[in-house]
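In the two assemblies presented below, subunit A is common to both, partnered first by subunit B and then by subunit C.
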Partner chain A sequence: MSANTSIIMPGERVTLVEDAAKNKRVILGPGLRRLDDKVVASKAGPLRHKEPNTFWVDNYQRRYVPARGDLIIGIVKARAGDLYRVDIGSADMASISYLAFEAATKKNRPDLNPGDLLYARVLNANADIEPELVCVNSNGKSGKLGVLQDGFFFKCSLNLGRLLLRESCPALAALTEELPYEIAVGVNGRIWVKAHSMRETVGLANAIMALEQAGYSEIEKICGNLNGVVQA
Partner chain B sequence: MPSKTKPRLSRGLLDMKFMQRTKVKVAKEDDDEQSRALYSNELNQKMLNSNSNYIIEPSYTICAGLIDGRLSFRGMNPELERLMELEQAEKQGNTRPEQPKEVNDQEMADAYYANQAPAVCKTMNKKFATKNEFNKRKSNNGNPKWQKKGQFKKPRADDDED
Partner chain C sequence: MSKTDAESDAKDKLRKMHCKFNPLSRCDGSVMYSQGATVVIAAVLGPIEVKTQNLSIEGSYLECNYRPKAGLPQVKERIREAAIRDVLELAILSEAYPRAKMSLQVQELEDRGSIDACALNAACLAMLIGGLPLKYSFAAVHCIINEKGDFVLDPEESDTLHQRASFTFAFDSVDGDLLLVQTKGAFKIAQFNDIECLCRQASAEVFEFYRSNIAKYHSTREDQPATTIESGHKDLPMET
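What follows is the complex of A and B.
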């Protein structure tokens, strides 16, 4: 990923992408829109580019827009017949079938109550119908998905979630040196952490929230000071 | 319009029992034609056969190549760490060079033909051989059981006299 820091505004033509599309196929991510043969930004923020041909706008946002394949954290709100209603921070409630859990059958329902946290995958995301979640992979195994027990849950911007999940992000590695912990980061701007004691868990949450305003470049510096935040 | 001139099957015929599958097919064709007529003035030639260099991908996860967000460090959740290790191993397994062979291909083929293949070949050959060939092969083997039985020979007169 190149550290491209050109800021674009909604409605602006993005000629950089148009040039790239002249001789190869280009993937337009969120925040970029095609109008005939022009590419126009629909969100404000830095234009990001990933080799070889992916472009998107990394705008600041707190409202999650569901996209197929995303891994998110949801809160179970209610049971509606065969479905559970789950709040994932999007405009519409998501739903998850009681059969979308490992080893669940009609007889053997998963034990979910309102208020439970789920780490789930978005199976279906469409503007016209409510998003659908699953807690199993295509082999029927839950893998890393499922209910999150105990721990501490907090909300943040979508950017922070994405920041932590970059492959080269130093933040989680820096925290590992401080204490053993378990974390679930949803790309819907929700984070769940768990450490051995309450005190450590809260310190961890504070350390992560301190990264809220960090950009790609400042993050290294902040990671150096995380020790102080965790102790406080 | 070609549909006007196209001969159509009568309704009475389509209602017959043996025409049920054709009936479904005809209904589908009619539907397709209707929907095409409905949208024909909205679709233009450019929409029908343009190929664009742009692919729309609405997910940040895929665009930015984000990792799975469920992680555990320093033995907090051993089960999860095992999964993470497996995933890591799989990722590296794709780039690892192939292991060297202990037996090379030539030796393998030689050993195969020396042991197995000829036997199978023979069995299959036997299946397709004619009866004549079969008898011939047996006689070549020199098996006395399959040789032509000698006819009874009348004893000579002088043999008896001794």
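What follows is the complex of A and C.
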């Protein structure tokens, strides 16, 4: 992914994308919209490009807007008949059917209580409907989806979530060298971590939150310091 | 552009602007913005849940709150809120999030002149950092005609004591169109036109301030150092 780091502001016409669109089909990601034959930005940030033909604006954002296929962490808020209402940080509450869990049947309902953390996938989402979640894939297997037990949950910006989910991010690998831990990263700006002791868990959470402010080059330093901080 | 001679009190430069992004942690985007000694905090939340009475299937509902430094909000604060909401309604892409609410809160920390323009600029910055979709960004500029008849751009509070007229203009970033005009006092139309030109030129500086601060914010959180390609963006429209 090449980073073309010129900042574009809302309302600006992005001729780079228009030129690319002359020869081939171009995908406009978040922050870009089409006005007749012009491509105009609607958010402020660096313009990013992924080969071969995807462009988007990488703006800073904390509020999550649900999109189909996203893996998110939600908090179960209430039970409404056959559905659970889950808070995923968007404008609307999401819903998840009790059948959308592995090995769930009408007689064998999942054991979910308000306050439980759920790692789920967004099944259906657009601006006009309430998002729906599932904890199984299309084969009926849950894999890593489902309830997250114990651990520590905190919120961050969407950018940090995406940074951690990148394959090339050294942060998680660097942290693995320091201490054993479990982590779930939701693209809705929510992260869950679990380590052996409370001290380690809190130290880990602080290290990840510090990544939000630090630049890329600082990742090694922050992760390297962790063991010393936890032992002290 | 008419200006009186060098010995006059005419001022055609904006005061120094500063901004700090995200001083508040519980909202979706916030900014502490200052122009000279006037300081304002603006925070946005959105898209969030909306009350049924305000629900619209065509777009988001825009809520605007302005709080003065001391005391409860009075009628003049409501007038400011209406002015801010009018500009925001033009700038926000409300079709993106129907049945939701975008909420803007502006808290005045210090009013030393040009508070309307300051509040609007802070609102724009908060929207930019909060990731709300906009059709264009906007900048507001305040100018007065002092008792001698000079045009004073972005005056200090002391300059406004015996002003003859005061003007606040808001411009958009794409074509430089007027989004808001607020005037007070007695003036000739020729003066109005001249001041509008003066303010439009000054707004270019505000847009440049937005761009450079957003670029700085992203570059401190970047993988590679961000290079803002100055020639990449088209020149802002100005009347010279």
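Remarks
Assume the second predicted complex is superposed on the first by the 213 of 232 C-alpha atoms of A that agree within 3 Å, B and C clash if a C-alpha of one lies under 4 Å from a C-alpha of the other, contacts with A are read in each partner's own complex, and residues count from 1 in each chain.
We adopt the following convention: a contact is a pair of C-beta atoms (placed from the backbone, for glycine too) under 8 Å apart; a residue touches a chain by one contact, two chains touch by 3 or more.
Not measured: the values here are computed from a predicted model.
Of the two partner chains, subunit B is the only one that A:165 touches; subunit C does not reach it.
Legend: residue contacts after superposition of the two complexes on their common chain; A:199 is shown touching neither subunit B nor subunit C.
Within the superposed three-chain model, A:141 lies out of touch with both subunit B and subunit C [touch as defined at top].
After overlaying the two complexes on the shared chain, residue contacts for A:109 are found with neither subunit B nor subunit C.
When the two complexes are overlaid on their common chain A, residue A:11 makes contact with subunit C while staying clear of subunit B. In the overlay built on the shared chain, the residue A:44 is in contact with subunit C alone; subunit B does not reach it.
In the superposed model, A:63 makes contact with subunit C only, not with subunit B. Of the two partners subunit B and subunit C, more residues of subunit A are touched by B.
Where the contact sets of subunit A with subunit B and with subunit C meet, they give residues 65. Subunit A meets subunit C in the complex at residues 3, 5-13, 31, 33, 42-46, 58-63, 65, 90-92, 127-128, 159, 212-216. Only residues 52-77, 80, 83 of subunit B touch subunit A when the two sit together in their complex. On subunit C, the positions that touch subunit A within their shared complex are 27-29, 45-50, 57, 93, 96-101, 128-137, 172-174, 207, 210-211, 214-215, 217-224, 226-229, 232-234. On subunit A, the positions that touch subunit B within their shared complex are 1, 21-22, 24-30, 34, 39, 48, 50, 54, 56, 65, 67-71, 119, 125, 143-145, 158, 161-162, 164-167, 172, 175-176, 179-187, 194-196.
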